[in-house]
Structure formats: C-alpha cells, structure tokens
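One chain, chain A, appears in both complexes that follow, with chain B as partner in the first and chain C in the second.
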Partner chain A sequence: MAVDLETIARLVAFDKGKAVPIASDLQIVIQPDALVLCCIALAGEDTTVHVVACGSIGKPAEFLSVPDPRFRDDQYDLFAWIGQRIEQYYADCRRRGTHPQIWVSSDAAVKHLDVLSDRLRYNRERADVRRLGELLTYATERFPVGGQQALYAATSALRQHYATGQQAAEDAHLGTLLTWIDPPRKTNILAAVALAEQTPMGMKTDPEFDRTKLDPVVRAYNEARRAGASTAQLKRRAQNIHDALMTVVSPIYDATQAAVEILRTRWPRRLLTAPQLQDREAQEFDNFMQSRDNGFFLPTRDKPKAAALKLTEREIALQTVEAAVCIGDRVALAKARLAGRILEGTIENPRRVWVRPRVFESTFDLISSQRVLRIRPRDELILLTDPRQRVLVRNVERQGRRTRVQLEIIKGKNAVGLPSASSIQVFTPYVPDWNSLTQARIQLAERLAVQPWTHAENGAMPQRVPSQLPEPADLLAAVEALR
Partner chain B sequence: MTVSKISTPEARAQEAIRQVLGTQWDGEPAVRLDSPPGAGKTGVVERLAAQSLGTMNERCMIATQTNEQAFDLARRIATNYPRLNAYLFARKDLATPQDLSALANLTIVRSKDDLPQGPCIAISNAVKWSWLKGSVPSFDLQIIDEAFQLPDYRFQQIVGLARRFALVGDPGQIAPVVTCEIERWKCDKAGPHVACPFALTERFPQVVRLTLPVSRRLVPDTVRFVQPAFYPSLQFEALAAPGSRSLTLTLPVARKPIDAALDIVRGGASLVSVELPPRITGEVDEELSQTIVSIIERLVERRAGLLIGDQPSPVDANSIGVVCAHVSQVSAVRERLPRSLSGVFVETRDRFQGLERPLMIVHHPLSGRADASEFHLDAGRLCVMMSRHCVACWLISRSGVEERLLRHAPAGDRVLGIDVDGEYEGWRAHLYVAQELKGANRVVTL
Partner chain C sequence: MRASTVDSRIAALRGSLGPEEPGARGLERVARNPECMRLRALTIVGVTPATAAKEIYGEPAREEQSPFALALGNQFEKNLFDNSAAKLLQLYRDAGRLTTNECKVAVIPDLAPPLSSDPRKLLVSLGRRQSETIRLLRAKAAGNKDAPNIIIKPRMFVRLLGIGHAIEPDALIAADADRFYRPIEVKSYPDRAGKTDSADVRSACRQAAVGVVALREAIREFGFRDVDVAVPAIGDLVLRVPGSMSAKLRSMTLRSEAASLERAIDEAPRNLDELEAMLAPGASLDDPLILDQIPTSYRTSCKEHCALAGKCKQQACAAGEPAVIGDMARELLAPAGTVTRALDLMNGRGVPPRTAEEVALAEQLQEAFSEYRRAV
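What follows is the complex of A and B.
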C-alpha cells in the first residue's frame, strides 16, 4: 500500500507538471564541506577516469583530464591528483571529529566509484594510487548501509524527497529530476524533460559525442604522440580533449551542486535523529581510518566471521534508520500507517484491574480503521510518543472495515499510564535503538571469538564419534517407548 | 537396507526416521535433513530431541526461527514425552502462552543460569540463543528447526554452542529473509545470506544428507503437481492412499457458478484453478477477494464435510485457510468474512509456513498483475501456498496467468559461479502448474 502513496504522488506531479514533495523533513544530513566528485570514464573502459571535476559544495570545481586514460602513467597521475584532494578532505574531517561526505550525480556514478575503489586498493605499482582506492573504499563500503552519510547519489537523495510525474526508472537521470523539481516556465514539462535527457548525467559520455567530438581529438593526440610530436603540440591536442570533456563534466558537476543546493535550502526541517546519524557516521569513519593507520588490509572477499559481522551490522542499521525516519517524518509515518507497519486508532475501554496486592493489569482496546495491519496476537508494540510504554497484543478482531485490537500494557504502566478513552494513539514495532549496533558488535565478538569447524577457513570436518552407549536394536521403537 | 526397497510409504517414512536417529548414535558431526512439505519434520525434531535426552543422556538444544515455533515445539515435546523434562528458554519479559505454564514437565527459564547443567532439552529461537552471554556448558546436539529459513550468518552465531548439528527443513520453501543489500556476497555459494544447510554442505560436501521420502499432509493428486514443479530433485510420495481423503457436499445441487469449483473437488481433484475474467487490478482485487469469501460461504451453505480415512467431520471455519501474497490482500479477504466465519485463518504465505488446513484457498500471486517480478515468481512462496492443504486447494486468479508467463522472459540476476537462478526456477514452476492444471481439466472459469 505504500507503493500506492508513491503512485498517487507521481500522478499528482504529472497532473501539476511539477515534482511534489514526499517527505516532511530532510532525510539526510548534508555536511557543510561535503565534496562533489564527478568522474567520467572512457567509453568501454569502465575502470578509467578520463576527466574529473572535484569541489566542495557551493564552490567551483577543479578539473583535471588526461588525453587518453589508456596510458597508465597519465591515468595514475590523475588518480594521484584525486587522491591528494580526498586525503586532504579526510584529514580535515578527522581533525574536526566529523565524517566525510562525497556527492556524485547518480547511482551509476556510485557504481563507478565502487569499481575504482575495488580495483585501485590492490594496486602494487603506486602507493598513492593504492591509497586512493583505500580511501574511496570507505565511502563505497558504507553506501549500502542504511542511514549512511558517507556517499550520496544526487538522484537517490532527491528521490527520497520528491516524486516526479515520470516512471521510477526515469528518475535515474539527474537532469530530468531537476527539471521536474524546477520546471521551466511556459514550456511543456515533457518537452523540457526530453530536452534534459539529451545531456549525459552519469559517468559515461554520449555515443554520438564520442563519435563526432571525442574520438577525433583523442585519435589526433595518439597519432601525434606516435609520430613523436613536440611537447607543445601534444599539449595543444590534449587541451582539445580537455575542452571537449569539459562540455560533459561541467554540466554534471553543476547539476550535482544544484541538487545539493535544493536539499540544503528548501528543506529547513531536519530529521529528529540527524545528530545520531552523524555521530554514527563519525564513529564509523574514525574506526575505518584507525584500521588504515594500523595497517590492516582491506580484503576482497570476506571470511565467514567478517561476513557475519557486516551483514548483522547492515540489518541493524536498516532497522534503526527505518524506525528513525518513521518517528521523525510525517510522510514516512503515513506510509507506515497505510502499509500497516504501525498501529493507529482510537482508544476504548481503558481499564485497570486488580490482580493481587500491588499488581494491576492495565488493558485497553484500540479501534483502527487501517485497512492493512501487520499485527497478530502476542506481538509487542511500543507507544510512538513515549517508548517507555510497551503493549502486548492480546487479540485482533476484524469487524468489517474496522479492527478491534485488545492490548495489555506490559511496560510503563505507571510511568506512562493508561491512555484516555477516545484518544488517538500510535504504536510501532520498533523505535530506533542507537546502542543496538554497539551491543551487537560486542555480542558477536564474544560469540564468534572461536570459529567452530563449520565456519573455519579451510577447516576440516571432525571425525565421527560414535556413542559409547549400547545402541537399541530399533532406534525408532526406543524413542517411541519414551512417550 | 535402503529406504526405496521397503514396501509401503509408511514403512519407508519410518525407515527414514530410523536413519536420521542412527546418525546420532554414529556421532555424525552434522546432518542435513531435507523434507518435502508435511513430511513430519517437527515429529523428527521431537524424536531427535527425545532420543538425545531419553536414550543418549545428552544435552540437546533446539533452535527455532520464531517464538511461536518455539512455543509449539515446547508444547509438543512436553505433551508427547511426559517423562522427559524440557526447558523453554525465553526472554525475560516475553509473554508466553498460558497453557505452557500448565505443563508439568516444561520449565520456562528466563536466564541462562537457570538452564540445567546436565542432560536436558532446551528450546528457544535462534536469535535468543545468539544473545547468550558468558560461558555456557556446551550442548551435545543442536537441532535447527526450519533450517532453510536460517541464514548462515545467524547459524554462525549459535554454532559454537554445540558439537553436533542436525539441520532439518524444507529446501523448497521460502528462502531466509535478508532485507539489507547483499551484493557483496552474491557470488558466494556459502555466503552469510544463504540458508545455513546450503552453506554448510557447500563448505563441507561430505556432510550427511538425508531426505524424508513421504508427505503425510499432501494427497497423491497434489504430489503429482507439487513434486515436479517445486522439488525436481527431491523425490517423494504421499502417505495417504488415492481417494482416502475427500470433500463431501450434503447439498449436492449446484446453483451458483462457483459450485463448479466445489463439485470438481467432490469428484476427487485436490487442486483446482478458479479463474475470473482477465483484468489488471493491482495488488488488491476486490472481486477476487469476494470470490474467495464466496467459496467459503458456499462450502458452508452446501454443508460440506471432510472424509479423512474413515473419519467424517463437518467443514467449519477452522477447517479452511486462505493464503495471499500480500498483507493488503489478507485484509481485503478478512474484512469481507462474515462474523460467523471469522475463524477462517487468513494470512500471507510467509506466515503460513509450517501450518496446514484441510481446505485451502490461494490468492494467486500473479493474479491481476501486469508484470511478473522476482518476488511474485518466487517458487518457494508458491510452493508454500500450494502445499498447506491435506484435502483440497483452490487457486484463485484472473485468467491469463499462463499467457503472461509466456510473454515474460525471466531476465534473472545471474551471477558467475552461482548455478541457481531463482527467477527462472520460479517462472518454470509457475508455468508448470498453470499448464498442468489446464491439461488436467482443473480450470474452472467464472
């Protein structure tokens, strides 16, 4: 049903010819000194960077290109150049006790960075290139973790806040998203979107541009190089390539900056849990950098213990951030209500019944008109407005379009008390527990301290150890005799 | 003696259980037991636990996937083996069913320090076991119930608690639910997200693998569809003889179009497809929900009865289950059920796992859809839906499912090194069921 809300928002956007907000609060924490990074690869060479634009948010970019990234030394010099900037940025963040934040244009650009970090962090030829790979790994490994603040695709960030009147897949183009958010006046929105689509916004150039603009100048450079042209001639031809690439990378950089600016200036309300998200990211960043300082290796493939730790962390992070968004954001709460992930309704029959000396049972009914509910008897729920109160679902009775839910207070009987009759209350299965990740890590460290044979790396299966007891003639009969 | 040479299904089922029990006397470090639906997995878990404590004098722990499963297992062990003491290990403030407290040989313990030091059977869910702190006396045997729902990273957190393992479950049902992004481990057949029996046998192919050869729940007519569709590599048969379970209708006169779907079951069919006119409806199809309710009402109106063996019984709300793909569909059915039929169990397929009803009505996951996503094609989910009944099952859908499947080319997110293509397998299973039901004249069009 949450999907329906998004569909409705898209239909409204289509009708108005303008994107509509689908959040009440800014869902992310924008670092004031976040870095915008736009890398363009050479067509067919996904592990290269032909040109890069790099700059802090709200600031002009520095650009660097190489004539042909297939020349390894040139390519490595460009990587080293990016590495210097990221190294400096990370160092500043560490000094301030905060965390870095890198913005790229789209999910495709995130994947490009991911491939680069995987590839470069094992480079054996140049330490500075390897270092870039390691530093990028922080951002790319954090990216899949719920609530992370290290790496943002501008398209994803905008989609969290706006619904457009186009299909979800079409939102992957930053230019069209920005057009829907700020449509040009006196121009048909679909025509404006079609025009915006003409400009590449990912990490690759347009094939037509390659054929007519880029390939001729790269070819000319390579021919001159093979012919032993002078440095000045090569420099001139390299400048031609740079100029051509600038027409591609500049609009992407500007669009990414525009996306950040929209989020920064038009969303004054921050998520209630923003400070916790920032603190967690800063802690993660500090841990990562300390590991690098201590010379720990970044593995390509996780051993079972590391995999268990990482997957557990991801699951907890996702649950925490979903609960956090639900608490803070009115639209997220509405989605949860429609999807039946929270329980909302009017209180009836609040009662406090004496059980024995100093023990009372506090129960009440909640009448919900939610069409979809994901609760069942013996589920435990938490009062959204005061998490000290926990209730147990005793019974769920569907009465046509309404549902009567019988609840018993199991925690917070005195501290929070019985809800008053006719009041409207909201209960949720989860509230964000910002300590849960730390607790889980401590517990996992204890539980996984010794790797049993089942998960030991290259471990051998133990030998069978037959029982020393006399074995019954008929094993099934022996068990049945125990009944 | 091999199981297949034994004469009757019952004898084959018993011999398979003897083999499982025998692995414990042989001291096998780990056993993987693959079971088709309704083969008596929980019965095997009970017997393994009873043998471990009752005849081998061991410490045995059982890990379930949910609290409800732990309650059910504790109840069954305590009831079926009144001379054995069992312990339900539960969270400090977890509300437990009142009937458990009344069982004399079942102790509910809230702290690990209250667990006995010596031989015992201790039952809890896997998450609770993973949160044990400090030293715990090692268990001799760890039984994982519904093991194919336990991802390996969770198994890893409890594996250190015992020295031998029995992983019991149904390989054809819903895979473990991992909500976060798992791209990093996708190429790893023994990755942390993989069901623990698959991961364990990937790392150690020499782990003993056994199967239960007989389904006690399903009738032969259903096995004929379900086994080839969902268990192409796990042969099994029905324990029930053909025709030994049937639906009777005291009022035999058919007056409504829906009666054709009931009559075909009365004639001996256990799986019937009921098709409404084609329409793209989205997730909630009000007309289809009403049709489901109409079937239930018609069963009651025609005074339907069940004949299981020689035991006749009337069909009431408790005999019927409805399984849907989405919670919203569950709600749409529930809100249409009259109060007198509120006992009909309506749930999603995820929550129907492990449960059964004599009569089941399935809201087809592809009904009314314009597309066929990986979620809706999932073979495990359809398998759960089509294997909950012990007498009959109606699949309700908008017509055109087969055509939609034939138009859909499962792209599949194929990964190097991973032979399993879940989307393709789901597509194949769905198409097989649709075509076989049509071929067997089991489609009633309304």
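What follows is the complex of A and C.
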C-alpha cells in the first residue's frame, strides 16, 4: 500500500496544528442565494423536526419550533412553513433558469432530510406537507450523484478542500473542522477540538441536554396541555421550549454559514469545469420540476430499469467529475499521479513509420518514474492537455525504478501530432465527457427495452443457446482480447 | 482452571470496584476492537468503560441515551411484546416463518417474581428467570412439541473464564419444526432498507451474535454435539418502520460476528494471564495509573461504543500514535511507529532510517510530500 496524499496532508496538519489545503481550486459552485437549512429532530424520532433555522447564505435565519413534534398537527404546520420557503426558493430558481442549492451542517443532517423526503412525499393528509417531501426529494436524490450542486453538507464541502490532523470520521463534526481550519490562538489545538466536540452539530440534541433541559420543559408543556391550560400559559411554556432549542440550532446555523463563508472567500480559483457542473444541475432541476408539473409519481423504490439508469448515471457522473477535477485541480492531479491513475513521463523515441501509402504508424516511448502505475497493454489513454489525441498501450516494461511504456497514437496523429522527444506528457484514462450520460441513457433504454429474466417476476432461466462461432484456439487470449 | 480461583483473581484485579454484568452490549464491544487490551481487561474483570471513565478517571461518562429515545424504544418494545407478543407473532406469520398454529409464547418476566430493589429478592427473581429459561430451552432441545415458539426476555449465560455472564436477548424464536431457537434483537432504529445506518445495523447484529453464542453454550450443556447446525449463526433484527410503531423483520447472517465473539471468549484465559503478568503484584485496575499502563488500540470506531474513547484518544495523541490521524495512517505509518518519527522520515531529519521498512517508508513519504508541496 503506497502512502497517499491525504495521509501526507493529515501528517502536515497534525504537525502544524492547523488544517492544510487539499485542493488548489474551489471544487463546488456556491450559488449566491443558496439556502441554509438546519433542522433538529427529537431524539429517536427521525421523521420529526423540533426546530428549524432557515435563511439565505450570509443572511440571518428565520426560526420556528414546535413544542412537541409528536403532536401531528403542530408538526405538519412546521413542515408547511418550511415548504413555503423551499417552494418560493425553487420557483425563483426556475424563473432564473438556474438550480437551487441547499446547505446543511453535516452528513447526518443530509440523512435526516432524506428520511423526511422519503416519509413526507407520500403524505395523504396534507398536500402542502406532501409537496415539501417532493421538493426535498430533488435535493436528496441528487446528493449521491458525483458533482451534484443541489445539496451540500458543510462538513463534506470543507473536507474536499482541507485536511485536518484528526481521523476522517472526526471530520464529520462541523465544529471540530472549523476549529482545525481556524484554530484559536494560544490554545492547544487538541484541547480546542475536544471543546468544540461538546457542541452538537448534526440533527440531534445532546442526550444530556435532553435529560436536563429539554425533557423538563417538554414535559411541563404536555402536562399543561393535558390539564387544559389557557392559551397564554401554553404559549409561555412553548416559548421555554423554543428558547432551549435556540441554544442548539443557532450555533449549528452559524457554523454552517461560517463554512460557506470560508469556501466563498478563501478559494478565489474556481474549477475550470464549474460552468458545466452548473449547467448540468440546472438541466436536472428543470427535468425534475417538469415531471412534478406533469403529475408524475415519485416511486418509493425504483423498478429495475429505473434503478439501472440511476446506477449508470451515478457511475458516469463520478467518472466525469473525477476527470474534470483532475484537469483543473493540481492536488487532484498529484493524487492521481501518486495513485498511478494517470501516466506521466518523459517522451523518448518518437517515430513515424510508413506502413502503406498514406498510412503511417506513430509510436513513442514514455519513461515514467511513478512508483505505482495502473496501466496494462491494450489500455487506451487520452492526452490530458489535448483530448483529441488517444494512444494505445503496447507494452509496459519495468526498468529498475523507471517504467518504459510503449505507446501508439490511434487518434489525433495529424491534429495533435507526435510529441517531441524529452517533453513531459500526461495521459489519463478518462476526460470529462458531458454528453456521455445522454448517450448512456439511450443505450440503456434500448438494452433494457425487454426486462431481463433475472428481474422478471417468476422469471425462468432461458435455455442455453450454444454459440455458432468456432471455438478459439487460445481461450485465454480470446478473453483478454475482449478488453 | 477452577471458577472460584479465577473469581478471586478477577476480584483482586477489580480492586475496590463492584462487579458489573457486561451484558450483550459489553461482550460485543470487545469483539469490535479485539486489539484493545484495556477494553478486554475491563470486560474480563467486570467493569464497564462507563464506570471506568467515571469512577477511575473521574470523567463524566457520555454513554447515556436521550430520555426521548429511551421512551420511544420502550414504547416500541412494549407494543411488540404486549398481549402475549401478538404483534411479534403477526410479524413472523406475515413473513411466513410461523403458522397460525405456532402461537406458543412464553414471557419469562411473567414467570418470575417482579424485580425488586431488595438484593435478596432480586437474586431470587433473576434465578427464577434463569431456571424458567433453561426449562424451556431444554424442552425445545428434547423435541417437546409444547416448547414455546417465542420466548420473551430469556435469561441466558455466556461463559467468560468459566464465569457465567448473564445476558437477556429481547426474544428467541423457533417454529415447531426448527431444531432450536434463534435470537431476536429488537431495535427502534428506523429500517430504511439499504439506507439504514450501517453502524446501527452492525451494533444490533453483534448483540444478536451474543445471543447465538449463549444459545450454543446452552445447547452444548444439553449434550448436543453439532451445535453449529442446531444454532446457526443467524439472528433476526426487528426494526421500526420510519415514522411509525410498525415493525419490520430482517434475518441476518451473523457468521463473522459470532466467530469474532467466540474467538474473544476463547482468548480470555490467556488475556487474564497476560494481564496479571503485565501488572505488578497486588496492582488493581481501579488505580488510574495502573489502568493507564494497559495498552489500548485507539480506532476510528471507538467513539461509537466505548466511554473511554476520549481518554484513549488523549493518550494516543500524547504518544503520537499514527491512529490519531486515521486507520489508514495507522497501517501505512506502522514502520515509523509514531507520527513524530514519520514526520522526521518525511522531512529527512532526525535519526536516519534504521530498518529496511523505514527506508522504504521514508522514500514513499518524501515522494508524496514533494508531490503535495508542488501541488498546493
């Protein structure tokens, strides 16, 4: 196992007592009017929201709480309140032809929104609650897709840009991450981090807080309600609950805003492919809203065809974004070089050999000093600086600490030409292809026009049909040739 | 090894602290981080990490649950077990695991006097729960058709160093045709299929695996030889439908969980010898200085289950253990031993590499560091 750049960055951060950058460019596109949403659930009741803070980035929040989210009517009113704000925001985005962007504090908060969207979008009691579920579904369904711009956890966004001197799992706490990024002066970083950890930054309150502060006031409210207390009395008790919850939700909202501010102000260089990412998100958002306008139903679980399409979409998105980041970001390129995912080296023996009239074979050797290389003969690689040129790996030969890779140009012989001797070139297996998703969708729609027997109800295994082709002499070579 | 001898050795190691039952949660905790000698030592002597944090180190133990979550969990369990476990029976019928005739339910707490604060009465009550459980398990093992299909809150034992540690799985289940029972673990976690929190599922599976181990021990005592066949490493998780009190049933294979638990239990006698050899004669674990001497193995997952995680992290940081920056770094930087040494190797300062492994690591670190510097 080779030492990776992440480990190096964490070592440096531990040594300095301060987070260090792990990217050269801003990897995400921050929408100027993005919405910061902080929902706190009642412990154990993951489908509830006890208090919510909602506001645009750089703006103060609006807060709303319910005394006890286990009372359904109160809870639905709160959902409707959130729904109004999100509906308005989505409508504004549609009008401008852009896409919405929601920021939450952490991955736990993303999971909470996901639970809510799953649960609320089938609500039969109130249309406004169901609508909130549907609108949240856009953000939560986009979240697992690489390069999405619809829903961001502040912790994940910061982790894309900074490495801390602690374990990756500990970076899931927004407070500790912010402490590593801006450590307090004259305080030991580890002590400061331990202190920051005491403040909840997810979607739940601290059990100790529940026991000593929240439970007594919620209990008092419920007892007063059962005893038929006056509206004024109930209001006062509800205010006590609100005040208690404000001490939890306010710091989370502020921390999320602080995270966005750090990314907005300290990362002036944007990724080269940012406009493409934005365009794709806007297109996805438009498709989603069109489907809602047309009354299409959001399924609980995808059927096999939809699932295959979504899986493919995720794979392609991940591949595209990785390639896009590699092109623009120096650190991502260094990571890929170290992991052997790209090939970099000095050109030797560039030659153009006449094969037959008007046909030449262009080959060259590339001498790489990379410790790890993940290439094999027959792999196709693309020139990073000019994707018009594609090469085929003919042979890979380890020579002591160096590797000699024999390459043949298969595309871009004339447009790009032979690389000059002694020049340093970088080849990559992928370049971002923003149209590949559409092509894949068409291809999959054709292939899955008939549901495969593996997914059909009571699908019987089809009869074996022996191939009519002659058996190859060398079976292993034939299998290899399929690559 | 006679149990009484072991008992006195354990009591001596425990010092002034009272014995605690680790329960299923405590036993599965050991299997989560088998390399942690401190956790194993505390479990062997019968002290929970929460007690160790509070009583030995004088630190607040942050292991408690929210009263709201507790109330929900209790309500969910009560809902399932009320009316002779009518809802649990229905769940199994809907899943095709029990027929309508297979409706024999034994609620162990109902067969024994209620739990009392009087220690003597409490002992009688717990003893009765245990004897009733054994009676029912024996009936099933003997192929008695009247043996219950569901046993709620059985009291069973897992032997660690010859001493039985009581565990109370939520329930046991067996159809009439089944040879023996399998454990049921009831959790109020929302079941979201593939999106269910994997840490929650892992923890529930490990607790169910403790039930498998206890059932195997029980059936072995009844004279069965092929215990793995009679009690396969399978358990049922009963989780909550999100936003409702309805339950969902999931059968889980617990092969690796049960194997790691059985391995931890098998190693316990050697652990006790090692522990005694490590400490000065007469030393006991209730002394923080003594407990500090016992090596730990701090990992990312420790915070999920151990109240001593914070303390171990402090010590790991002070010692510069590579684990403080991640489990991957722990493996990669193992030849260096500490973060400080790794930094020296990376920066080419300090003592030159002493071993071939250090030479290789230094080369890798320097190459990666130069890449990093070039990039940022």
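Some notes on this structure:
Note that in this section the second predicted complex is superposed on the first by the 445 of 483 C-alpha atoms of A that agree within 3 Å, B and C clash if a C-alpha of one lies under 4 Å from a C-alpha of the other, contacts with A are read in each partner's own complex, and residues count from 1 in each chain.
Convention: a contact is a pair of C-beta atoms (placed from the backbone, for glycine too) under 8 Å apart; a residue touches a chain by one contact, two chains touch by 3 or more.
Nothing here was measured: the structure is a model prediction, and the numbers come from that model.
By the touch criterion defined above, A:V465 lies against chain B but remains apart from chain C after alignment on the C-alpha atoms of chain A.
Within the superposed three-chain model, A:R358 lies out of touch with both chain B and chain C [touch as defined at top]. When the two structures are aligned on the shared chain, A:G146 is found in touch with chain B, with no touch to chain C. By the touch criterion stated above, A:R398 is placed in contact with chain B alone, chain C being left untouched.
When the two complexes are overlaid on their common chain A, residue A:R371 makes contact with chain B and with chain C alike. Annotation: chain A residues 1, 3-4, 301, 371 touch chain B in one complex and chain C in the other. On the chain A side of its complex with chain C, the touching residues are 1-12, 14-15, 20-22, 24, 42-47, 111, 114-115, 118-119, 165-170, 190, 194, 204-205, 207-208, 210-211, 214-215, 301, 330-331, 333-334, 337-338, 371.
The residues of chain C lying in touch with chain A in their complex are 62, 64-73, 188, 190, 192-193, 195, 197, 242-243, 300-301, 303, 310, 314, 317, 323-329, 331-333, 339, 342-343, 346, 361, 364-365, 367-369, 371-372, 374-376. Residues 1, 3-4, 144-146, 301-302, 304-305, 307-308, 310-312, 314-315, 317-319, 339-340, 371-374, 376, 378, 380, 392, 397-401, 410-411, 443-444, 446-448, 450, 452-455, 461-467, 469, 471-472, 474-476, 478-479, 482-483 of chain A are the ones that touch chain B when the two sit in their complex.
Listed in rising order, the residues of chain B touching chain A in the complex are 14, 17-18, 21-22, 24-30, 47, 50-51, 54-57, 67-68, 80-84, 93, 95, 97, 130-133, 151-153, 155-160, 165, 178-185, 188, 190-193, 200, 203-204, 206-207, 283, 327-328, 331-332, 334-335, 337, 339, 342, 351.
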